[in-house]
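These notes are about the structure you will find just below.
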Amino acid sequence: MEEQIISKAIIETYIKELISYLDVDVAIVGAGPSGLICAYYLASAGKKVAIFERHLKIGGGMPGGGMMFNRIVVQEEAREIMKEFGVRLKKYSEKLYTADAIETISAFTFKTIKAGAKIFNLISVEDVIIREKMITGVVLNWTAVDIAHLHVDPLGVKAKAVVDATGHDSEVCRIVERKLGEDFKVIGEKSMWAEKGESALTENTKEVYPGLFVCGMAANAVAGSHRMGAIFGGMLLSGKKAASLILGKL
Amino acid sequence: MEEQIISKAIIETYIKELISYLDVDVAIVGAGPSGLICAYYLASAGKKVAIFERHLKIGGGMPGGGMMFNRIVVQEEAREIMKEFGVRLKKYSEKLYTADAIETISAFTFKTIKAGAKIFNLISVEDVIIREKMITGVVLNWTAVDIAHLHVDPLGVKAKAVVDATGHDSEVCRIVERKLGEDFKVIGEKSMWAEKGESALTENTKEVYPGLFVCGMAANAVAGSHRMGAIFGGMLLSGKKAASLILGKL
Amino acid sequence: MEEQIISKAIIETYIKELISYLDVDVAIVGAGPSGLICAYYLASAGKKVAIFERHLKIGGGMPGGGMMFNRIVVQEEAREIMKEFGVRLKKYSEKLYTADAIETISAFTFKTIKAGAKIFNLISVEDVIIREKMITGVVLNWTAVDIAHLHVDPLGVKAKAVVDATGHDSEVCRIVERKLGEDFKVIGEKSMWAEKGESALTENTKEVYPGLFVCGMAANAVAGSHRMGAIFGGMLLSGKKAASLILGKL
Amino acid sequence: MEEQIISKAIIETYIKELISYLDVDVAIVGAGPSGLICAYYLASAGKKVAIFERHLKIGGGMPGGGMMFNRIVVQEEAREIMKEFGVRLKKYSEKLYTADAIETISAFTFKTIKAGAKIFNLISVEDVIIREKMITGVVLNWTAVDIAHLHVDPLGVKAKAVVDATGHDSEVCRIVERKLGEDFKVIGEKSMWAEKGESALTENTKEVYPGLFVCGMAANAVAGSHRMGAIFGGMLLSGKKAASLILGKL
Amino acid sequence: MEEQIISKAIIETYIKELISYLDVDVAIVGAGPSGLICAYYLASAGKKVAIFERHLKIGGGMPGGGMMFNRIVVQEEAREIMKEFGVRLKKYSEKLYTADAIETISAFTFKTIKAGAKIFNLISVEDVIIREKMITGVVLNWTAVDIAHLHVDPLGVKAKAVVDATGHDSEVCRIVERKLGEDFKVIGEKSMWAEKGESALTENTKEVYPGLFVCGMAANAVAGSHRMGAIFGGMLLSGKKAASLILGKL
Amino acid sequence: MEEQIISKAIIETYIKELISYLDVDVAIVGAGPSGLICAYYLASAGKKVAIFERHLKIGGGMPGGGMMFNRIVVQEEAREIMKEFGVRLKKYSEKLYTADAIETISAFTFKTIKAGAKIFNLISVEDVIIREKMITGVVLNWTAVDIAHLHVDPLGVKAKAVVDATGHDSEVCRIVERKLGEDFKVIGEKSMWAEKGESALTENTKEVYPGLFVCGMAANAVAGSHRMGAIFGGMLLSGKKAASLILGKL
Amino acid sequence: MEEQIISKAIIETYIKELISYLDVDVAIVGAGPSGLICAYYLASAGKKVAIFERHLKIGGGMPGGGMMFNRIVVQEEAREIMKEFGVRLKKYSEKLYTADAIETISAFTFKTIKAGAKIFNLISVEDVIIREKMITGVVLNWTAVDIAHLHVDPLGVKAKAVVDATGHDSEVCRIVERKLGEDFKVIGEKSMWAEKGESALTENTKEVYPGLFVCGMAANAVAGSHRMGAIFGGMLLSGKKAASLILGKL
Amino acid sequence: MEEQIISKAIIETYIKELISYLDVDVAIVGAGPSGLICAYYLASAGKKVAIFERHLKIGGGMPGGGMMFNRIVVQEEAREIMKEFGVRLKKYSEKLYTADAIETISAFTFKTIKAGAKIFNLISVEDVIIREKMITGVVLNWTAVDIAHLHVDPLGVKAKAVVDATGHDSEVCRIVERKLGEDFKVIGEKSMWAEKGESALTENTKEVYPGLFVCGMAANAVAGSHRMGAIFGGMLLSGKKAASLILGKL
């Protein structure tokens, strides 16, 4: 058991995957709940899916629950998805269920990877690749390079579809707005109104620019809809809808 | 779907669990691989187990793989544990297998929670509770309080056994050394020697002070054994052994 | 006297109050002098009042006096309020009195709580809840989450009226301006003109958006009036007026 | 109402007090619960007492309750002191009561100032004054000078007795240990053991060096006793005992 | 030689001056070369002059010379002023002289104070006082309060004339622009053109808003003139001209 | 071998060069690949060339390769330049070659200096010198002065031509835009499109303002062309073209 | 008036001095009051003296007075020195005088430079030069290099005598202690005792290691004497004594 | 020219090298002048050599010259090495030559890589690999991981010899001292004495622990010899000697 053999095993198997994923069907940016759900359905349908996650941690805001109380709330209509992932629900009221936030996110992560999606964590998307007026990929760098203020260039990844699942900040859409500008605008999320935010989410989940789809909170942020509050049903349905829209296109 | 009802649902269900876990069989400090494995076997045996994790993220150093290449290496002898958690292994050489780091840690997390253990993330252990020369609990605070340099007092949790699964730093043992001192000493991890480090790990997994057990890298650090390198077999076996030692005592 | 019992006593009694205050008559943002005075009169009139204060410290800018010289100045017309709170005044000139800044703020705090208001400190308001064009609550998070740059979602609280008592920054109004925009504008405080600033304050204390009231320096900031200087009479009267406006509405 | 007159009123009245307090009977370092209680009884007995508090905020760790849940717990034996300050108690169990942390600390502050003690906040003690082997005063600086890393010299204040009420850090005792050394040693607080910590506190409250008294958590820290947990009875009694020891000496 | 007597001597004599200077003829903001020269001529003419300097250090950018090489360059026409302050010049070329930067600034400082001006260092101007459309004073705070991010209110000082001698940033003019806006605009300094910058300086030295004068680099910055380069003749003449303009008005 | 003699040798020889380079033919800002290539051809043609580089490190983003993998890619058409510098190429595909990033940048640096150009590292350009509408030099400061937030003035250097080779940020052009404004605009780089970015580069390499040339990524950034990706052929040709344009003018 | 000529004038005259001062009679480290006084008397006696000051600012702690109140106190016995520098004293009591802190330090600076000493500010001493057991010089670097965490080597300066006038920290002595160790020990300043500190100062002012002298607060710090408080008489006398000791040796 | 092909080219060629260098003859830590020289002679002799450099920048302290004046000084005896690398020398005195610091370091880098050594920059050595009492490799991590405070495990590299060429800090030796302790001690560099430091350097260049060699300033630091000053001759000879010692062993 020599140390350099262990090193070799890790580097070789990782890089083989990385190189294989330089050309994918779908590049999903952000491994929060909606990005994972979207990846799960795409991978289950046989697509080659890479998720690029800026942090070491998977799960976006979900593992923190609400105000660090690590429980989440879902509605009746998301129950089926939760069941599909094997997450236990506790009935709270007529239409509301609570679940353990960490159980939920680890279930989503585990099953999404098992379905065939690959998660690259510690990697940030700092730009998109464009051909005429079509997004055709993402531009990656190690997140650590950015935090450490190192002057290091990024690398490009080709994708048939890109999904912005980065939450409130809708980071990919912000890049498109800043870099391409004239015909694309991020409006920004409005104040909290759980009911309206939830209902708008399905409608806002769409292709917002040729080749670029949004889901989860990023979808509401781009469209200027209301904030949803600490409830996750709509987000899961949004991830699922994004997957189905992409499957319809590819 | 009123916002304050969602808030209420989250707070009530979380606090009910938190209060229930103020008096536990086993308090495990650190939700890295060895802590999770230890919790899994204890919870599976019917013990009331709380894991207190300092970070928002679950998994310790595992999700980062080696040098951010998110694959891990395990040996033949840990294959069975990996299989029990449903993690896919790729054969690399005679005795070495690689696995996806995020698949592995999400599997460990999901199954450990399903087995009945409760993970409280974002919570740091800043002291232990003692009765004569016996550790009888841990002293908790929000990690955010510490990062934000706020002057806020902690709270105490009672436990029949405490497990230090905090890795290299062996944080709980360091507290015991600093606060109680005279008859307890952390030697500190030696340089890397994968083979020796692995073989010493089982032996070092033990009760190091009445009521306090160590497992994983913390065990080697306390005993002054060698660093193991980026290989995880011993760590999993160590978590399992710690569970069995505790079951023998409680 | 077991530690976990003490923990349980603290958590249970706090959370019982927190849950009870998820649905209030009035949510006051900021526990500076005007917010406290406003809360005092509302609570004295039997309203259910929660004050959410971002800092650990109560009192806003008052405990620092002027340039760290911890005395304050009040005018003749605020003398009665000071007397109602039992604060000792020292006559300085015909119309000016000085008081100990810490005596004043501790008196305001103590009596306001005794009147029935509840202060939640260490909690920030990061958004409002809205229904059509009506503010119907606030969105809370632990301040420590923000300082520690943790990715944790907030929770919502319902309120019949919200008071922005956050001082110069008029934080709640800024949120409304940024998030709802079109029909609401924060002008910003003008330079110092003690006399004009004082006289404008009463007039500026009002409902600035359906469901949202301003008092104290925030009122002048929203209206674009002059800065008042280190004198507190107008601020106290403003807090009292805000209370009376709200009582007239609820 | 000219601005410079307001400035003059604040500066003159503050500085008159500051100069008057350059020569005091007792200088108390730290405005947490034990320091305030100690000051209250000394001032009530007619002594000239100055409290020097490093922060803008008064109250030490009390306003944060336990883990930011702002309630506190006190035992039967401290009930009388709580009553003397007018703080409302809620019975929790046979011997335990809870109280609102902010109500408690504002009551302590208000009544202590009314009793005649003067609190100077935003001021740090960075050294002591000594004559042979007798502490005869403290050396002050603005806390802001320290935070801003400015090179500014401090000033000295004379005191017949100095009280270290700085909590866990026992800051004044640490200065004495570091600067005078040979015959004085701070042992440091041991791990949590609520019962033992509480019972040791009375005994540890004493004159630890000629002219220097300790009370509250600083007393236990100097003596190497156990940490008390989030319970405040002993601390209040300790503050009261320190006052009575000093009254017996002056 | 008791310590508290020394403290008393310092506080009393400083505060007596501070209170006396709460109502001045001229408040100069910034103790760089132009501010000092301006103060020197005003004080020499019998005016009551206070200089408020943000830093502990006196001299603005002068003590650093050019790129830390602590020499300065002056032209023929500033030779007389240098001589008046007793600074030694070394002839470099036909029209250029060099001088020791620290000798120059210490000479300016020493003679200005001797002429009767008072320098308050460590004090920032964070606002102005206004009456209708007339600047009538400045609003002060300790610089340390700002650096330490403390929430502490400022105090006001009355002045018949205010001088912005804050250099490139023209800080006071920026406050007026931001707070009063409509009829006042800071254009900002253009790129370096030593000759043009020097010649424009005299013209730009003037009353830019009722009660507010500019001199030195701030004058060029407000007017949108060119940057002067590391040459100081114009700056000294500008300070002198500002003094003479003010003397003509008061 | 006395220490002060070594000091003297270093200071004297450096300053002699620095003074000699206060008046140059060409001042190149940025010692990345395009700046070095440009300097190489200019110096080879006998021009007096100074490169001012903000960092201690030479080479811009090249030494970091792509995502810290320190290899670079060049196309067929840049092969000749690489050969001229003696850098070894490894054929990757029909038209692509890879090279060691550090070998490449050290070759460029070594040969450029040998050709007669002087590199001043650790020096930032914070402004330009202008005469009417013509850039006639740059304004320098130590980078360390900026990082350390010291208030120290810069010095000016005269140049017949200035080259902005600062990469994405096009720092010199940004200064010209901010300071001179009306007739000059930096559009900013668009998203990545390797092919288009490469082809636009030659065209964008030009004199963008009288006396100011751009090359490398700065050229594309000013013109609003696409980002090139981690390929260096165009950049080298751009540096060479800038040199030839300048030689045509001087 | 071309910019590069101004640059040349500054660089040339500065570097000429710097090179001339690479070999001096006395190198004084720290331009606080005692260092300046020492330099004044040495330069007046014809010695070649360089002062190396870490900060941009001259004067050590003096310009900040006591607690930012910028007055200082001196005793009867220092009156003559103050008079020699032309500083105005205000009688406070029988034996105590106050003076303006900035007037005092600018007088000291101005007259010391006029007497022939050269002050190099922004330069830190990071080591000493040694020959057998004799200090023969100092090792310099730009302070900005240190603050900016740049990896840049220092340069050496030869001196017949080195003076540590760095105050409390006695920085040069600390270097000697850490680097040469065995026969040299810095004891560290004791707590404040103005009278004792003052009287010990003269005695502690001496040659502490061959070639190394101490004066001012550094002298007391090395010897383990008491802190003096905000009184400056002894410091001035100490600077003068150090000068006379050195004159006796050279 | 598709972006993902460029990415693939970079990753593949880099990783192929990285994997090949997981098992080397010599691992040199630090790419400063002595490390580069050592690598040059080893690679020229046909050894497989990897240099691991913590920074993006190559060259250690050399590119900064002395106090940011980027010239270096070498003696007669190092002239031949300089000539071998093609660096131009300027005669300064009888025995001293100066050279351009950046020319020198780029020559060393370029020729060392051409000789066959591979430099991995941005990679830190955080531990060593050990077998009994023999260093047999180094443990690597990305430097960015460390700066960004990410919790990511390192990987191991096997080497027949390890060279500590990390300068003053002698980082590898410090690891060995801290981790293995009992029979190995780093004494630390003494103060500057150019002559003695130079002459000791050759002697200190040796195998300090089985498998671990030191050269350059690290050699003097480990042995407790004097600091050399800004002169580079000895360092180059030391690098060459280390190479020859290793060649004699392998």
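Letters A, B, C, D, E, F, G and H mark the chains in the order given here, with residues in each chain numbered from 1 onward.
Convention: a residue touches a chain if its C-beta (ideal position, glycine included) is under 8 Å from a C-beta of that chain, and two chains touch if they have at least 3 such contacts.
Keep in mind it's a predicted model, so treat the numbers as computed, not measured.
S.K.: Show which chains lie in contact with chain D and also with chain E.
M.R.: Chains in contact with chain D as well as chain E: C, G.
S.K.: If you apply the touch rule, which chains end up adjacent to both chain E and chain G?
M.R.: Looking at chain G and chain E together, the chains touching each of them are D, F.
S.K.: From the C-alpha centres, identify the chain that is farthest from chain F.
M.R.: Most remote chain from chain F, centroid-wise, comes out as D.
S.K.: Repeat of D-E among A-B, E-G or A-H, where over half of the residue-numbered contact pairs coincide, is which pair?
M.R.: When the contact pairs of D-E are compared with those in A-B, E-G or A-H, A-H matches.
S.K.: Regarding the chain A and chain H pair, does the interface count as same (over half of residue numbers shared) or different (under half shared)?
M.R.: Over half shared, hence same.
S.K.: Counting only Cα atoms for the centres, state how far chain C is from chain D in Å.
M.R.: Distance between chain centres, rounded to whole Å: 28 Å.
S.K.: Return the distance between the CA-based centres of chain D and chain G, expressed in whole Å.
M.R.: That pair's centroid distance is 39 Å.
S.K.: Whole-Å distance, chain D centre to chain F centre, using C-alpha means?
M.R.: 61
S.K.: For chain H, what residues touch not just one other chain but two or more?
M.R.: Residue numbers touching two or more other chains: 2-3, 6-7, 10-11, 15, 55-56, 64-68, 122, 129, 137, 139, 142, 144-145, 150-152, 155-156, 192, 194, 229-230.
S.K.: Pairwise, which chains touch?
M.R.: A-B, A-C, A-F, A-H, B-C, B-D, B-H, C-D, C-E, D-E, D-G, E-F, E-G, F-G, F-H, G-H
S.K.: Using the touch rule from the top, collect the residues of chain C that touch chain E in their complex.
M.R.: It is residues 55, 60-61, 64-68, 188-194, 226-227, 229-230 of chain C that touch chain E.
S.K.: Please give the residue numbers of chain C that touch chain A in the complex, ascending.
M.R.: Going by the criterion above, the answer is residues 127-131, 137, 139-142, 145, 150-156, 175-176, 179-180.
S.K.: Spell out the part of chain G that touches chain F in their complex, as residue ranges.
M.R.: Against chain F, chain G makes touches at 2-4, 6-8, 10-12, 15, 18-19, 22-23, 56, 122, 129, 137, 139, 142-145, 147-148, 150-152, 155-158.
S.K.: So in the complex, which bits of chain G are touching chain E?
M.R.: Result: residues 1-3, 5-7, 9-11, 13-15, 55-58, 63-73, 75, 86, 88, 90, 92-93, 95-96, 98, 100, 102-103, 106-107, 109-110, 113-114, 118-122, 142, 144, 192, 194-195, 198, 229-231 of chain G touch chain E.
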